[in-house]
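When the chains are written out, they are named A, B, C, D, E and F in that same order, and each has its own residue count from 1.
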Amino acid sequence: MEDARYRRGLETARNLDPEGPGRLEAALKEVAPDLYRHIVESSFGDILSRPGLDPKTREIATVSALTAIGHAQPQLRFHLNAALNVGCTRAELAEVLMQMSVYAGIPAALNALYLAKEVFAERDAKGLS
Amino acid sequence: MEDARYRRGLETARNLDPEGPGRLEAALKEVAPDLYRHIVESSFGDILSRPGLDPKTREIATVSALTAIGHAQPQLRFHLNAALNVGCTRAELAEVLMQMSVYAGIPAALNALYLAKEVFAERDAKGLS
Amino acid sequence: MEDARYRRGLETARNLDPEGPGRLEAALKEVAPDLYRHIVESSFGDILSRPGLDPKTREIATVSALTAIGHAQPQLRFHLNAALNVGCTRAELAEVLMQMSVYAGIPAALNALYLAKEVFAERDAKGLS
Amino acid sequence: MEDARYRRGLETARNLDPEGPGRLEAALKEVAPDLYRHIVESSFGDILSRPGLDPKTREIATVSALTAIGHAQPQLRFHLNAALNVGCTRAELAEVLMQMSVYAGIPAALNALYLAKEVFAERDAKGLS
Amino acid sequence: MEDARYRRGLETARNLDPEGPGRLEAALKEVAPDLYRHIVESSFGDILSRPGLDPKTREIATVSALTAIGHAQPQLRFHLNAALNVGCTRAELAEVLMQMSVYAGIPAALNALYLAKEVFAERDAKGLS
Amino acid sequence: MEDARYRRGLETARNLDPEGPGRLEAALKEVAPDLYRHIVESSFGDILSRPGLDPKTREIATVSALTAIGHAQPQLRFHLNAALNVGCTRAELAEVLMQMSVYAGIPAALNALYLAKEVFAERDAKGLS
């Protein structure tokens, strides 16, 4: 049963970024190895794998929240990439980030857009949309 | 030109909640009357009226951000209603709020869901979906 | 296996507040019933049941975080009670909340202390320590 | 020496609101009595009594910060009153709160303005400016 | 009419930092070009250009809010410079940042002061006050 | 009397990190020298020196709050080291940070754990536990 949750979470996470789970596992290996499996099973396997929303909508929700939170830049970088990987366009993401200026203030929107600019340039260099 | 922005903003705002602009105008009349017009023109007219995202997606982005921010309950109430008014389902909103537990923590998700429960009950009483 | 996680989470949650899980289940029943089970299994069963910290220390960590977050008053109320239920004293909790003034500012500390005062009075009325 | 800090803090606090220190002392008496004296000595006596800024400017800085923080409504209520007591006008405060919409988002500004409206009405009822 | 708002906003923004608008336009050109004009018209033109507060007071309000928000370091850097450009002294800004320790906690105040130290050193190198 | 507060604060601060007070004094010397003494006297001398909680518990409370706040990385670095210096184990700190994922979200917990990983590596290089 645990394995089913882990496999489902891994599939969902890899759909967002094929190398994401491996990077997370490596990053947490020394400091909190159990958290890697917890995130895959619980966040990706139990929540993000639910059928009630399509992956694009889920990523837009996440990108909005991370922009508003403001101090989650590494996770926003992951999810800007993930959003593009599951079919959002750069223009859609820019709209979402601009809209955040209304609710979270101009600084939060600007800092997310500066990060998006970096993400877009990195993807250009890799030939990704 | 200003009038065009105001009319466009008013139309967008009324699409989210027909009575929303009137309530906002009344609430700000004594304390900051210019802010009412600024919000209609600038937030609704310039940002939320842009064609790059459909209204449902815009509302999901806003509901996500307000849930993560945590101290914007009156605005979250408005936008939970608005999201339903433009075609989101209650089940979709519940999915979005559950997902916020991953990024903003369980308390932020729970408080938004408790508010959604109130909003849903109020809409039941009015015969709204 | 799921049942083992659920039972472990339920035991941990009931140790904090015997009626807590029932209240949470009732509160989420209509709006997000799956989230109740997710919280019991994932938050209480996977994280809070881990042996690496004693319950008192876990509650002090949680009370500190919720005080600093500032917009999680219902959850802070639950965990102030939970902290007392697992053996923290009122004086220890007051020390923790006073200390938060250094890191999260005087207003966050004051609002948590005003809530603690209510919690303590409710417990006095019930004859609880 | 302590007494000098306490007296200086008390004078500064009473200049903002003659009844403020008494209310704070009463509110904290049971739950954290030492924090009352700490706030008077340390916040009011050491920081807010410093000569480098006039009281109006200090209150505008505080009102701005509390509006941006968003979950400090009781303290914002105190400082909206305090700002008026030391000579800010209602129009100046409304300008400050409107400006916060740029940096902290529209919801934070609106919630502060709704509170200011209550404060202004309470002061009208007392015949205060 | 739009041009009047844009010109008014540009003048206000250039008063804070002559090169600020150009840098913002360049930074947003690829990722969200419309946001540049929106910020100039709406934030600088509609809000910050209002006559109800002098520029020094507006900058002190903004610096306070950005310090309390904590995750807006690039914008705080801009506004520390802007505050000095419109006539605030370094000593006044240091007072404002110290005061934020009371409301937003010691860490928020310290991080803003560390940034102020950098800004002051950069201005020393340019011969600016 | 002031000297007693300063000496008590200095002793408490040096117990957390022998070089901490010196670094803070140097960092604030040019920009806000009075704040150094205020922090030693008021935060360390008046609050953190109180007998009601042992140093380990105080550090766990602080680490939890700073993790939840999210934008206080330099202070979190200081207190992760301080927690280890007063007897917390790395495993206990990892438990605390993992637990924060429940209350402040996965991103806040991850960013604190990435910082803890750096702190642990720096301590390995110095032969510290």
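The rule is short, and it goes like this: contacts are C-beta pairs under 8 Å (C-beta built on N, C-alpha and C of every residue); 3 or more make two chains touch, one makes a residue touch a chain.
Nothing here was measured: the structure is a model prediction, and the numbers come from that model.
Taken together, subunit A and subunit C share the touching chains B, D, E, F.
Annotation: the subunit B:subunit D pair of sequence copies touches via predominantly different residues, less than half of the used numbers being shared. Centre-to-centre spacing of subunit A and subunit D amounts to 40 Å, using the average Cα coordinate of each chain. Inter-chain spacing, taken between the CA centroids of subunit A and subunit F, is 30 Å.
The centroid of the Cα atoms in subunit D and the matching centroid in subunit F are 29 Å apart. Between subunit D and subunit E the centroid-to-centroid distance comes to 24 Å (mean Cα coordinates, whole Å). Shown for subunit A are the residues in touch with two or more other chains, namely 34, 38, 43, 47, 50, 66, 69-72, 75, 94, 98, 101-108. Contact topology of the protein chains: fully connected, every pair of chains touching. Interface of subunit F with subunit E (complex): residues 27-28, 30-32, 34-35, 38-39, 43, 66, 69-72, 74-75. By the touch rule above, subunit F contacts subunit B in their complex via residues 101-108. Residues of subunit F touching subunit A in their complex: 70-71, 94, 97-98, 101, 105-111, 113-114, 116-117, 120.
Taken together, the subunit D residues at the contact with subunit F in this complex read 1-2, 34, 38, 42, 46-47, 50. Of all residues in subunit E, those touching subunit D in their complex are 43, 47-48, 50, 52-53, 57-58, 60-69, 72, 75, 91-92, 94-96, 98-104.
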